[in-house]
Amino acid sequence: MLNRRVRLQPLVLFALILGLLLSSSFVVAQEGRVIKIASQSPLSGGQSAVGVGIRNGVELAIQQLGGNLRDMGFQIQYVPYDDQASPDVGVANAQQIVADPEILAVIGHYNTGVAIPSSEVYNQNQLLMVSPANTGPAVTDRGLPIVNRVVGRDDLQGPTGAQFAASLEDVETVWVLHDTTAYGQGVAEFFRQEAEAQGLVVLGFEGTEERANFDGIIQPILALAPDLIYFGGIYDQVGIFISQARAAGYEGYFMGPDGIDSPDLAELAGEAVVGTYYTTVAGPASIYPNAAQFIEDYTEAYGEPPTPFAAQAYDSAAIVLAALERAIEANGGELPTREQLAAEARATENYEGLTGTITFDDNGDPEYSNYYVLQVVSADPAQWSSNTVISTIQIPSPLKAQELAAEGEATAEATPES
Amino acid sequence: MASVSRGLAAPSWSLRLPPAVRWVYDYLLYPIGQMLVFIIGAAVVLTLLAYLLAALVPEPRPNIILADQISRQLPGMIISGISIGFVYAMIALGYTLVYGVLKFINFAHSEIFMVGSVVGFEIMRRIADSGTLQQWNPVVLIVTVVLVSMLVSGLLAVLIERIAYRPLRGAPRLVPLISAIGISFFLIDFVRATEAITRNDFNLRYPTDQLPWLTQSVALQFGTTTVNVKPTSFIVVGGAVLTLLALNYFVNGTKLGRGIRAVAQDQTTAALMGINVNFMISLTFFVGGAFGGAAGSLFGMNVGTVTPYVGFIPGIKAFTAAVLGGIGNITGALLGGLTLGLVEAFLNGVLVYFPALGQRYTDIFAFSVLILILIFRPSGLLGERVDEKV
Amino acid sequence: MLLEVTNLTKSFGGITAVRDVTLGIPEGSISAIIGPNGAGKTTLFNLLTGIYKPTSGQIMFNGRSIVGLSPDKVNAAGIARTFQNIRLFPAMTAIENIMVGMHSRLKISVIDTLLRNSAFHQQEKAVSDKARDLLSFVGLLHKANEVSRNLPYGDQRRLEIARALASDPKLILLDEPTAGMNPQETVAATQLFRRVRDELGITVVLIEHDMTVVMGISEHITVLDYGQKIAEGPPEAIRNNARVVEAYLGRRAAGTHQEESDHGDAA
Amino acid sequence: MATVTSAAQQPIRALRNWAARPAVATALILLYLAVVLLVLRGLDRRHLWFPTFSTLAFPAFVLSPFIVMSAPISRRLKTILIGGLILIAMPLVGIYDTSYLELAIQICIFTGLALGLNIVVGFAGLLDLGYIAFFAVGAYLWAMFTSQAPTVINISGLLVPAWTFPIFLIIGVGIAAVTGILLGLPVLRLRGDYLAIVTLGFGEMIRVLARNLDQPINFTNGAQGLHNVSPPPIPEIWTSFTSSTANLMGISLANVTPVAQQLLFYFVGVLIVAIVVVVARRLDDSPIGRAWTAIREDEVAAIAMGVPLVKMKLLAFAAGASFAGAIGVLYAAKQTFVSPESFSLIQSISILAMVIVGGLGGIRGVMLGAAVVTLLNLQVLKNMSLQLNALRQMDFVIFGFHVQNWPTQLEPAKYERLVFGLLLIIMMIFRPTGILPEPRRRIELQHDDVVTDEDDVSPAPGPMVGAN
């Protein structure tokens, strides 16, 4: 009898504890309306130079533009996550982010390969994501209602590069390399397709994970002596390649996508970097008329001029903040749900940002984006922001282009009538 | 296992010659000859295989005649294969020496190599920061950089052995192996943290830009083709050959070397003969580590930029080379390293013309070669033929 | 003949450890192989059990060739052995050691193992019963659950014999089974070998240095020197064989002595 | 001497004796559980120190089954408590805060993998440095057959419906086992040291293949990875069950589906781990397990005693691999995205670290190791960084030090490898048998020269041959 009671008591207690769990929260959460905005970018590892710039841009935007929301009685907190440029870490972070009900939006990522799986998690939880840097077409082409970006696309960036390459008088043959990541391989493919369409001869198309010794890769390139090497990759790899290829006696041009847009490219490639062409969807902050103040503030706060994509990160955060204000107003001063906010952000129209005027199309692409071709002028990393802009092209997003084409047809049909 | 004793030196049956001549033969002519035989042998075999492939698949891609491309690339491929092959060989020596003495795979060796490359960077960078880099005599500069990184890496290896391996001697093999993996992880992050804090970056670029004699490639004429060779390739090969000769002399011609060989053969007996086994083991780690360090700084000068992560791939490749040649065997490490370097260079040079494959399959093919060799020669190319007990 | 070896040769590199040895072991006998150190006795055992592959020659066991079989197949065919320097599984208990020895007689089925069906339980029961029988045969039943590493030296020797018996062999090869034992232990061990043959009907071949054991127990002796057979026959004939005496006299005293001190160290 | 020590130890011993009394132990355990659960329930994400509290509370919760297991209480009570913790308490905690659910799923995944690797390394003593490859095989299996990426399987219309998930779990077991045998056949004849490098290379090869098999025929979508992989369908009843449970707790879930889905993955994960535990136990306690132990302790003696080496090693390889395959399928369905990057060498080594840290060979220890290392990786270090960041934003001052001035290069999350490396070294030097050592392991480690000294029978190098 006694034994039996001893055995049963703990079970009763245990059930009681579980019951406590089931009961509503007994610790009264402190009142106070908190909004959290998260970001994900590589803060460690070889790509942290740009990743940290993205974080700084978001932080600056929240400090400078959060005033209205604070006046409305909300406290804004910023939670930067480090995705380490790895899809696994990105997804694990995303799971943490969506579990926090106060996080209403994410700014990120830097790598397309990380953005795609992470955004699946956001989408399941209707959490808004605005990307300052992802150019892979699949980021928006999946049609997720929560994914937006403020920059252009690789299926337009790659071809822009190829068209420019074809326009160079002494370029007839090209060699295309990529870093075997979702981003690098993607943009390199688009470059190759357009290059072939433009009549350039693509002598080789190779992916490599090598990061230190490119000798074996350079030998066949030297044998075929292409006029231009296009490397779809990120600066921490491309920089080393450029330096070694030049040292090995390669004499043609180098070209790359926005992944190589970083002062660290000059740091790593040394003198060989001068003359390198790159396309980008994010012009240097200095070319934007509205960005002068931003450059000043950023430099003061972080002790260095803004890195590429910092201004885009600032704009992304600004779009989120503006959408928040609208959503709160529409909600009668109360916090909107994530879904409401995502819808409000998608409805962004003619937002005057640092980097241009942004209107999202139905996929979350900006209706028009600028594609720039730049040339590196100096091996001094500090001079990176003074790289020459060779050309700027504004191209509509694919959805917008369809729309325009349809309108064009409509006008074309309409014209004879009138 | 008596393998460590089989260094590069001439076998004992060589001709009866005056001591000085004998010395020159044993420690210069014979080992250099052996290196030449390995290089020429591997290069000839691979060239023949490449042309055989060209005969089978004359035009893998429109407008590309494989045989022509091979002829054009041949000197370049061989030079690049040799220079990376020597780096592999030098790292492989570290694995092989330690294995020969302790029968244990020093997984942290790739990070000792990495530390060597970072130390090389630090010295050159510091000299450059003081503004005197151009005034240095090239030979003195290179010798200084290589020697200091050898010293640091060697001492690091000794320290690692003291801390992480010596307390585990006698434990099952798995135990020191795992602490070696631990050391390797620790060193990567430790170096990264140090560099990130002191330099705010861990992509470490050798200041070779300031040294024209180091960056301006030399044009060599091979028949109709001109090959641009980086001076650093010569430095790597030259440095490697010199250090290998020194190792050969050390192992076969000195008392300490004899001590190491004795410990490798039988620790107990060596101890009974009055050899300080612990000292000899430390010495082995020092020598192996120094080689890793030399390889690291030479590699760093050659590629220009190093990171804390730079050790992994060469480390794995060098280990593969050591196994390929027969782990525990010094000559085997040299043969394995050169063979692997050349195989890679040829694969890179040829696979590029096969659109369906490409250079990204180089590692897979290189590794398949290793597995094939191991299946047919389970102890590697030069490993003792072990009568299979199963 | 249970075991017939013809012209067996084994060389390692340039050294021939066993040269052209021919011998036969009659079923139900107790035989000994003797010879000075380095005569190739253990190599011969390793050849018989498949651990080494012979360079040339033939081994017929129970009417079929066992050359080229792997050691586990040889064991399954009916040859079990012990080792010169005891090789028990040190962290396993005495009874577990014996259970491993039965491996080749068991039906190993992953499905039975996972389902824990009656077939599995029956087999495990049988295994455990038989292991106990064997332990009591060698007098170690009371130490069934002791870790073998912690057993005294003599017990380890006996356990190794029990483990070898576990595979129901027709032939058991004992490699210096009394090395390192004191006289009383040696007498007990000798009795055990005899019981193995008399009670279990298993043919016994032993390598032995202790001549009292060899002469006292074996019905047939083969003498090896430098890898070659130099004599064979019943004990009396061997005792008086001139070549054997010559082979032994020069080295025997020192050799035996050294062997024994070696084993002292190993223990 | 003795009296002094015992006098000093008197109160401690008395305390220990007191705590060992079943009633007291039960009360202490329940108190512990109550505190942990209440803290977890009461944590407020808005609190400045939330990351720190969360880092203390959740690991304490995860460790609770292990504490219960080793407590001096009745078996029946243990079973009930552990069952309650895993099957009821964890899901409730997970509904309350889904980030814990995610962690719990990850722990299940890594526990399963660690148990599988333990069969190969712990039971059979074969060092496999490419274990992650089998996980990759399972993950790619499910991903290739359900991904919307433009692979050859998708284009030729061979995609399978999502309800086949349970079937694929079983197929995953089979395919991974076959892969294990295919790898094992050529390499298991190699000497032990060579096995490590060959398996390592094999792991890398699988990753490189996954990365490159987008041409000439697109199987894996290469570096782009396979996206839009189907998760298994969630039964309606499960969703409503989830939301009503949440309602009971006073939580209104804005978004039921993801929570219900995660909950489902959690239970599948628990089920797989349970099966793995049972299978591992039964294999270990059987003639097969005895043969593995024998091989591990003395290969030559084992084969001479009739243990077929290659067959038994292959069996260990296949058994270990098969679990990884099933878990890979689960992983792919959970992530809905599979890319080669997830299967790198460092993952293989983390799993090995789990096995070693926990206690090679022992099932309970390996589970503990997996939980500890996974938490360290995914929660502890990351939360330390978040805490630092939160303090930085508040311009927090601690002992006169402005947290803002802490260099970003020194964020804890960046030092995963450093912490890992130190952990491995310290474990190996001071406790090579792991946190919860397996008894046999401890004996094997006592004076091991006898056990591992293979050379005295390996024929060629022995004195027989001399220096050739």
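Each chain carries a letter (A, B, C and D) given by its place in the written order, and its residues are counted from 1.
Please note the rule applied: a contact is a pair of C-beta atoms (placed from the backbone, for glycine too) under 8 Å apart; a residue touches a chain by one contact, two chains touch by 3 or more.
Given the structure is predicted, the values throughout are model-derived calculations rather than measurements.
Colleague: Please list the single chain whose C-alpha centre lies closest to the global protein C-alpha centre.
Modeller: Chain closest to the assembly's C-alpha mean: D.
Colleague: Taking each chain's centre as the mean of its C-alpha atoms, which one ends up farthest from the centre of subunit C?
Modeller: A
Colleague: What is the distance in Å between the mean C-alpha positions of subunit C and subunit D?
Modeller: Between these chains, centre-to-centre, one finds 45 Å.
Colleague: Suppose each chain is reduced to the average of its Cα coordinates; what separation in Å results between subunit B and subunit C?
Modeller: The answer is 47 Å.
Colleague: Just give me the whole-number Å value for how far the CA centre of subunit A lies from that of subunit D.
Modeller: Here the centre of subunit D sits 33 Å away from the centre of subunit A.
Colleague: Where the centres are mean C-alpha positions, what is the separation of subunit B from subunit D, in Å?
Modeller: A distance of 36 Å separates the two centres.
Colleague: Which residues does subunit D have that touch at least 2 chains other than itself?
Modeller: As it turns out, subunit D has residues touching two or more other chains at 211-212, 300, 303, 309, 414, 444, 451, 457, 459-460, 468.
Colleague: In subunit A, what residues contact two or more other chains?
Modeller: Those would be 180, 207, 209.
Colleague: Residues of subunit B that touch two or more other chains: which are they?
Modeller: 355, 358, 360, 387-390
Colleague: What residues on subunit D touch subunit B, complex-wise?
Modeller: Subunit D residues touching subunit B: 121, 125, 127, 186-187, 189-194, 196-198, 200-201, 204-205, 208-209, 211-212, 215-216, 300, 303, 309-310, 349, 352-353, 356, 360, 407, 409-410, 414-418, 420-425, 428-429, 432, 444-445, 447-449, 451-452, 455, 457-461, 467-468.
Colleague: Which residues of subunit D touch subunit A in the complex?
Modeller: Interface residues on subunit D, with respect to subunit A: 22-23, 26-27, 29-30, 33-34, 37-38, 41-42, 44-47, 74, 76-77, 80-81, 84, 88-89, 92-93, 96-102, 106, 211-212, 222-225, 227-228, 248-250, 254-255, 257-258, 261, 335-337, 339, 341-342, 378, 382, 385-386, 389-390, 393, 408, 411, 413-414.
Colleague: So in the complex, which bits of subunit A are touching subunit B?
Modeller: 46, 49, 180, 204-217, 219-220, 222-224, 236, 239-240, 243-244, 247-249, 264, 267-268, 270-271, 379
Colleague: Quick check: in the complex, which residue numbers of subunit B touch subunit A?
Modeller: Touch residues, subunit B against subunit A: 69, 72-73, 76-77, 80, 83-84, 201-203, 205, 208-209, 215, 217, 219, 228, 230, 232, 299, 302-307, 309-310, 313-314, 344-345, 348-349, 352-353, 355, 358-360, 362.
Colleague: Would you tell me which residues of subunit C are touching subunit D in their complex?
Modeller: Per the touch definition, subunit C meets subunit D at residues 12-15, 17, 43, 46, 49, 51-52, 70-73, 75-76, 80-81, 83, 85, 87-92, 96, 99-106, 108, 110, 113-114, 116, 120, 123-124, 127, 147, 149, 163-164, 166-167.
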